[in-house]
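In the two complexes that follow, chain A is the common piece, with chain B as its partner first and chain C second.
Up next, the complex of A and B:
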């Protein structure tokens, strides 16, 4: 569904953000893209939608090259940026103007999403609060029913009940034919929705694996004392004991903790590559 | 010692389904909640619920009637108990034993408290 082949990208030619990134993403999964500040998560999303062009290498999305920005490509993908922009239009006017670009748009779903996210107004959209504007765009983006949905920090700016409703909405709207690609730091907001994890650091792909595979290969436990002998990939003291991440040598599966996973992967990239290859 | 405090989500969902049957909220032979409904209620990825249902199917606890949905097997009770016991022994009992040991509580002391607990909470049994 998305094929990235030897992608290099830099905002200036001397300093590349990505070097030779190769990554393949399939339909039917909710991907979580994790990376530190400045790792280039938003940059990657913008390359996928055609807002930025690769310096080298190719990106294929739904069989199209995003940089060509063909209308037939743009109707298959929707991108919700971290900070949304809404024009000075009412909800109805916005739908009438923008929905025709998306052949699978469902007005029925749109109305339902707006109700679920508690967005209602007869006023113009730009008079709404930032959070309300963002929820409007989320409702619209989901109702477009595109094969690929890209979300950049979707829960930023959402209030406490809205985060919950957002998770329910994503769980309800996910299906085998679509792919949802979420870039986020708010791991705890989306923990159980993500079923494939992509980690990038210093321009490199460190991990692209399903949560099921991660649970097979790595063990996430709480212990009283540091286990001797095993290579500790990550450890953190807590009130309950020491959280540790080690290679999983038996068949028992533990619950994957995305925060601990991220730290284990970025601190031990070479060992992780060995374990997952 | 090593205690597994957190089970994978799919196993916790499988346990939830079994729990509903043990609590008689869902009856044997009845339709169980759809994958999508569970995903929405629990705010989890539908693929994770699918994995839980695949697991329960392998265990012959639920069965998939094509196009209709998932149903619990009429004679699943024994297999549910086996699965729940396994999970309890693996996950909850070691933590419980650890605390008994640390707090120096004699297992025999607990018999009366256990009987009282059953009386208080499960009067119908």
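Up next, the complex of A and C:
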């Protein structure tokens, strides 16, 4: 569904943000794109939708080159940026003007999403709070039923109940023909939602694996003392003990902690590559 | 699916463009026409009918057209708005055509109709208020006529309109913020540069140069009188074609190319 081959991109040609990035993303999964601030998460999404053009390499999304921005491509993909734009229109007017561009748009779904996200207003959208505006755009983006949905920091600006509703809605709207790609640095918001993890740092792809594979290859435990012998990929002291991430040599079962995984991967990129390759 | 132009999709886009920001779009048009009306009345009162007509026509067409041209692609003042505009499933050609139709066709037609309406109204009032038995009736009647759309001023105004609004369209796709002021400054800078260059070239080639207009005219002092040197007719024709057609067409087409290639 998304093929990235040897992508290089930089806002400045001398200083590339991505160098020869190769990545393949398939339908039927919710991908979590994790990275530090300034790692290029939004930039990657903008390359996928065609807002930015690769310096080198190719990107194919749904069989199209995004940089051509063909209408037949744009109606198969929806991008929700971190800061959303809503014009001075009512909900009905917005749907009336924008929905016809998306052939699979479902008004019934839209109404349902708005109810689930608790967005109700007869007023113009630009009078809503930022969080409400964002929820409206999320509801609209989902109702467009595009094959690919890109979300950049979708939980920024959402309150705690809304984050929960957002996760529930995304999980409910997922199907085998669809791919949802969520970029965030608020890793905890994606817990129990994503089924594949992509981690980028300093322009390099450090990890692209399913949560199941991660659980198979890494062990996330809490111990009283640091285990001897095992290579510690990440350790963090807490009141409950020491959170430890190690290689899962004995195929023990543990629940993937995305925050600890992210730290383990960014602190030990080479070891992680060896483990996963 | 036709990825360049589809009449249904274009219809949707045009409707969306008009209704998405109606207050700004129609408000700006209404403001421009109101200023034309005020300038017509003020100019007529302070400088006479002919000057009032000339000033208001020039200002309405060139100023109003430029204002609108700087607005139609002004989606790039924020990341969210720009992303929304670029990722909307319509082709760059359709998006460009919307801007061109609004600025180059609808505003132009609306302005010409509005101007002819107020001009006919005021000229009619003037004619009706003249004393038909007065000694200078015919002279006074003939002094004030409806502004000719094929006259010198109208031609120059249309020339400036197509060039400046083309520059505004392109400029609004290069400058994301305060594009009107930035492009206006560029145009002023270009005009000033052309004038200085023309003057320097004229001074280098001709003695006693008094002044020079960009590209076509040089005034020289001849004893106590003043003389004009103009471009030869055949060269003037070539230059005119360039200014009337080639530069505006290039600018308006450049806006389409820029829209296609714009990264945001």
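A few remarks follow.
The criterion applied here is as follows: the second predicted complex is superposed on the first by the 277 of 277 C-alpha atoms of A that agree within 3 Å, B and C clash if a C-alpha of one lies under 4 Å from a C-alpha of the other, contacts with A are read in each partner's own complex, and residues count from 1 in each chain.
Heads up, the rule we're going with is that a residue touches a chain if its C-beta (ideal position, glycine included) is under 8 Å from a C-beta of that chain, and two chains touch if they have at least 3 such contacts.
This structure is a prediction, so every number in the text was calculated from the model and none was measured.
Aligning the shared chain A places chain B and chain C next to each other free of steric conflict.
Touch criterion met: A:30 reaches chain B, while chain C stays clear of it.
By the touch criterion stated above, A:164 is placed in contact with chain B alone, chain C being left untouched. Touch criterion not met for A:226: it reaches neither chain B nor chain C. Of the two partner chains placed around the shared chain by superposition, chain B is the only one that A:253 touches, whereas chain C remains out of contact. Contacts of A:215 after superposition: chain B is touched, whereas chain C is not reached.
By the touch criterion stated above, A:93 is placed in contact with chain C alone, chain B being left untouched.
Of the two partner chains placed around the shared chain by superposition, chain B is the only one that A:193 touches, whereas chain C remains out of contact.
Put simply, the nearest alpha carbons of chain B and chain C end up 28 Å apart when the two models share chain A.
In the superposition on chain A, the residues of chain A contacted by chain B and by chain C do not overlap at all.
On the side of chain A, the complex with chain B involves touching residues 28-30, 164, 167-168, 171-172, 174-175, 192-195, 211-212, 215, 220-224, 227, 240, 252-257. Residue ranges on chain A touching chain C, taken from their complex, read 46, 49-53, 69-72, 74-75, 77-79, 81-85, 87-89, 93, 97-98, 100-102. On chain B, the positions that touch chain A within their shared complex are 1-9, 11, 36, 39-40, 42-48, 51, 90. Chain C makes touch with chain A in their complex at residues 1, 3, 6, 9, 12-13, 15-16, 19-21, 23, 78-84, 86-92, 94, 260, 263-264.
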